[in-house]
């Protein structure tokens, strides 16, 4: 029987997908379905949470070459 | 290789690598006698000399933008640029106005070097990639100018010759093959091994003999080989001079573009097959200076070769005249009919015969380039053409009707070369004057600049050129842009057409 | 390796269609003979009325849309719009009742057309060939200027700076489009009632077709009158244009505003009215008649309907053997009959 | 890009109007013309094909025009037309026809048979105090800039009129804490091009008119008429309605029209007004070509433009701006990390953080790039131009055939390659990269279809969805696909119809 389930499709590269899975493992109930390497289906109301978490994770390892420079 | 640099251009001097395979013959003895440097610079290398009397490579390198001297920058810089642009456009147009007699049905085999030397990166990204790219451009251009000619491609690799594409008249087929080759140039068909001139030429000869022409024993059409050669030597299984002999016998003309340095055997092949004096530097053999020169040399082969004097005489003496071909001009039919019955659209597809890419019996050489069997050509938008003689349908033109053997061609194909037949006379620049008769360009209605008194406004564009170019047949004035457009693209004078 | 020099971002990644301005060139063939034949059906006046509305609708599509209007007759071809010296007309055409952009164009065209027709009545001679190719050539040179040259000026010379800033001499956040990639598109519409195909000059027409092909200008053809014109059919077919033979031109405006209203940027998305059967006939160099099986000189590729001794274009003599071969009439029927009887004739045929 | 932006906002506004208001709008030919111009090419084509057709058109006939691959365009065009109530469906939904008012008026507009003065009436008498285009341009820019300067709080700007102030507040561009101050969306506003800015304000103005008991139809009509007027001509006030007359004063405050005094019987539209409905101002419009033919005076105006083009960007992301205008500095501060300030210049650095901040504030990379492009120092432009000239020169000498014989596909490339690159390409790319970095994930709301019975079912449904352009993701093997929220109902309907059989 045909089923249409509501959700938000997330398109991202595999590395980001791995991060989202990590986020999901810490606070479960975000991911509804893993579709393929670059697509995920997630809960509609969790999108913002994912984005925020992702930003936190990503900015942990950013090197800013101008940082030292600007202190002069 | 142990010769000094200056010597590499001398026509016949055998390089040490070649001496092993060039047998002693009267010719090469002559070559020895020309070895003295004094003699050489007196004869062959005169045209290499630059303005200062020295060799051109001793001159300071002139960049195109260095020519602009911005001594007084305000305003005149722009007019200078303008003038340079105009000059360039004038240079572009060098269409000969006298009708040439050309052997227009050409059969050409392109031989591409795929040996080790083609992996060199002196041409970006590599010699082979660039050659393939240029070849694709060349093929488009070639069929544009030579609509009913045919072409085949051979690759020299690992000492043998591979067939890339059969001799055929469909540009798309060749381009597809070259693209496939390009895609696989890093895994399966990376440049490797040595090049063999003999093998390649023999294969080209076989292709030309087998595929030649549509009417039998017709000797007046041109058979050509165009070779892009990056190596400096050849490793052949037999005597290459025998191959040259048979090429001459079969009246196959070979042209070579060298990518690294001039090679004696190439010069010899070219001179012998084109019936040129033994020591002369022929225009059929060019060694590239840079990428743009490469392209220039390649594109020179697009225009049909003019018949040599000797051939013209032969023709006159033989008195059997030129062949004439019977051709059909098919009408286009749309085999798809969409009809609406009730609520659903039906698409009716009529069965059709696909007579494209005739391979003329020979197998596709699958080891070199794989054939894409999944022909997307046959999508629902396929159009067909109907042979006017037997009403059978084909999908690709030009081709030979598979049923009645009539050569089928679109009239637009033939007409592509008509501007060679009736070249348009060049326009002449109107001399600078104080006032002119014409105020607007006849073609594009552009307003011409007004005339100025000579000498009164130095540095202004108006005092350098009148910007008017006149057709002497209809005495209408055109602007430079229309002049270029009319001669390069349109090949019609709008003024003359209106009378 | 090759991709290394490519820019990371391309401006036009979106595949949705753009609303680029376009140039419409209309060529109206007023050759008297053709219009005379269909005088009971429609007159030039009626067609021009429709065309004017058609022009207006083209102008209404986009503020920057352009039109050009050419007229062709056996006498000569001429630009009606743009008119070279139009200052006096513009100054006094202050109109109360019409959008001014339309008004200017319409007024100029009507005035010039009347003038031209009057001129033509005086000077018309018989036996002159159509100058349609001249009109197409003119249209193409004009198109060339609008399409490529104005654009290249925009990028190469300093005038680019001034012309673009003209548009928005507003200072602060000015330069709405200084180097924007808006580009003109162009198409051409030929309206002809001329039934006689052979009046067209073949080679120049072919040259025009190729030029249009290269410039990606579609040539649309609205053919009035009684017969299809195979050359004009070829022209539109080769340039991805639309060819319609309008036998009943009463509702011309409806046809113009649907089938001939497909802008160049819409063409990839719309099913064009089909040219189901195009006759790619060529013109014989000797007789000027259209042929579908002909003989072609292998030196210069000129097409002939009969077999002469010498090529009419390049003057080279033909191979007599081949001429002989071609002149022979196939006798296949006979051969089959004879096969049962004997094989005397059979040998002959096989030679 | 920007033109599309204002088109969509205007379109959205028009769509949101109630049907009665819309049909009243269609009574003015000028409005019909302007609305028509704002539509997508496909929609324009459909309208044109119906305008001279007396009978309703079968929807199926319209469908036939469209290639199956471009169903999406058709779907969008018809959706828009429906939202604007430009087309009406009959009861069965199988036939379609144009809104009768629109059809009549637009047709009149094309054939030139509409009632007089639909496009404003030029005053025929000579003006004693005639003003030229130069003056109008100056007037318009002075007025408009005053507003912008006020927004960033430049000293010594005269406070704009009350109506402007309330408009700015209403639009959320400025807020009244203690004294007016600019908001984030205000900064965004500053980065837009003039046309978009004016439309933003005008749309706010339209909202305001409803409170002032002005007829929005009248107001909109007048705005659209302004867009079709001609620069440098004077128009008489007498033909305007009461509402429109009262608008004149406001429009004067924005610099859209010039009127010598409140009681003057004539007004001049400025360039701000006449370009309202045109998008590609870069190309010569017919009327501009006419101007050029009439005299080269326009060129002088171009010369006179003052030097607010003052920004230099180096390849190492350093920015120098020769300006002391608070407006520019404030804008720069949005996305540049400013370091030092001198009497006549500021310098700063573009950093990841500074760009990210701007992006967080809703400014897009394109806006930043556009701003830098248009404010680049003349020296930078000169350099860019020279580089381009050299490149073209080189390319042409490279390939002699570009003038004519080149194959078609290549011509396009050549044109697109030759573009003026004012900002160093590495900076440009980096800014775009930084924007991309922010959206490493793309999200789409919608529905996942799964557990389809068989391959055929999957094929039918997913093909239908992709034709509509609502299919985002599909997997043939797993037999699942994802459609957008908008397309859900359509696909579900289709599924019900197809699968019930």
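Letters A, B, C and D mark the chains as written, and numbering starts fresh at 1 in each.
Please note the rule applied: a residue touches a chain if its C-beta (ideal position, glycine included) is under 8 Å from a C-beta of that chain, and two chains touch if they have at least 3 such contacts.
Here is each chain with its UniProt name: A = General transcription and DNA repair factor IIH subunit TFB5; B = General transcription and DNA repair factor IIH; C = General transcription and DNA repair factor IIH subunit TFB4; D = RNA polymerase II transcription factor B subunit 2.
Just so you know, these numbers come straight off a predicted model, no measurement behind them.
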Using mean Cα positions as chain centres, tell me which chain lies farthest from subunit D. B
Pair joined by more contacting C-beta pairs (B-C or A-D): B-C
Rounded to the nearest Å, the gap between Cα centres of subunit B and subunit D is 48
How far is the middle of subunit B from the middle of subunit C, if each middle is the mean of its Cα atoms, in Å? 29
Subunit A and subunit C, separation of their C-alpha mean positions in angstrom: 56
Approximately how many whole Å separate the CA-defined centres of subunit A and subunit D? 33
What positions in subunit B touch 2 or more of the other chains? 81, 485, 489
Among subunit D residues, those touching two or more other chains are 389, 404
Listing for subunit A: what residues touch at least two other chains? none
Taking the complex as given, what residues does subunit C use to touch subunit D? 7-12, 16-17, 19-21, 53, 56-57, 59-64, 66, 86-87, 90, 94, 96-106, 148, 150-152, 154-156, 158, 160-184, 213-214, 216, 251, 253-254, 257-258, 261-263, 265-266, 268-271
Touching subunit B in the complex: which residues of subunit C? 1-2, 4, 76-77, 79, 82, 84, 131, 133-135, 137-138, 140-142, 144-145, 149, 156-158, 201-204, 206-211, 214-215, 234, 237-238, 274-283, 291-303, 307, 311, 313-314, 316-323, 326
Touching residues of subunit A toward subunit D in the complex: what are they? 1-13, 16, 20, 32-33, 35-36, 39, 41, 44, 47, 50-51, 54, 58, 62, 64, 66, 69-70
For subunit B, which residues are in contact with subunit C within the complex? 78, 81-82, 85, 99, 101-105, 125-126, 129, 147-148, 215, 218, 220-221, 315, 319-334, 385, 388-389, 406, 410-412, 414-422, 439-440, 442-446, 478, 481-482, 485-486, 489-499
In their complex, what parts of subunit D are in touch with subunit C? 2-3, 29-30, 33, 36-37, 40-42, 44-45, 48-49, 51-53, 64-67, 69-70, 73, 109-119, 121-122, 124, 137, 140-141, 144-145, 148, 190-195, 197, 228, 230, 271-272, 275, 277-288, 290, 293-294, 298-299, 301-306, 308, 327, 371, 373-374, 381, 385, 388-389, 392, 404, 408, 411, 415-416, 418-420, 422, 425, 428-429, 432-433
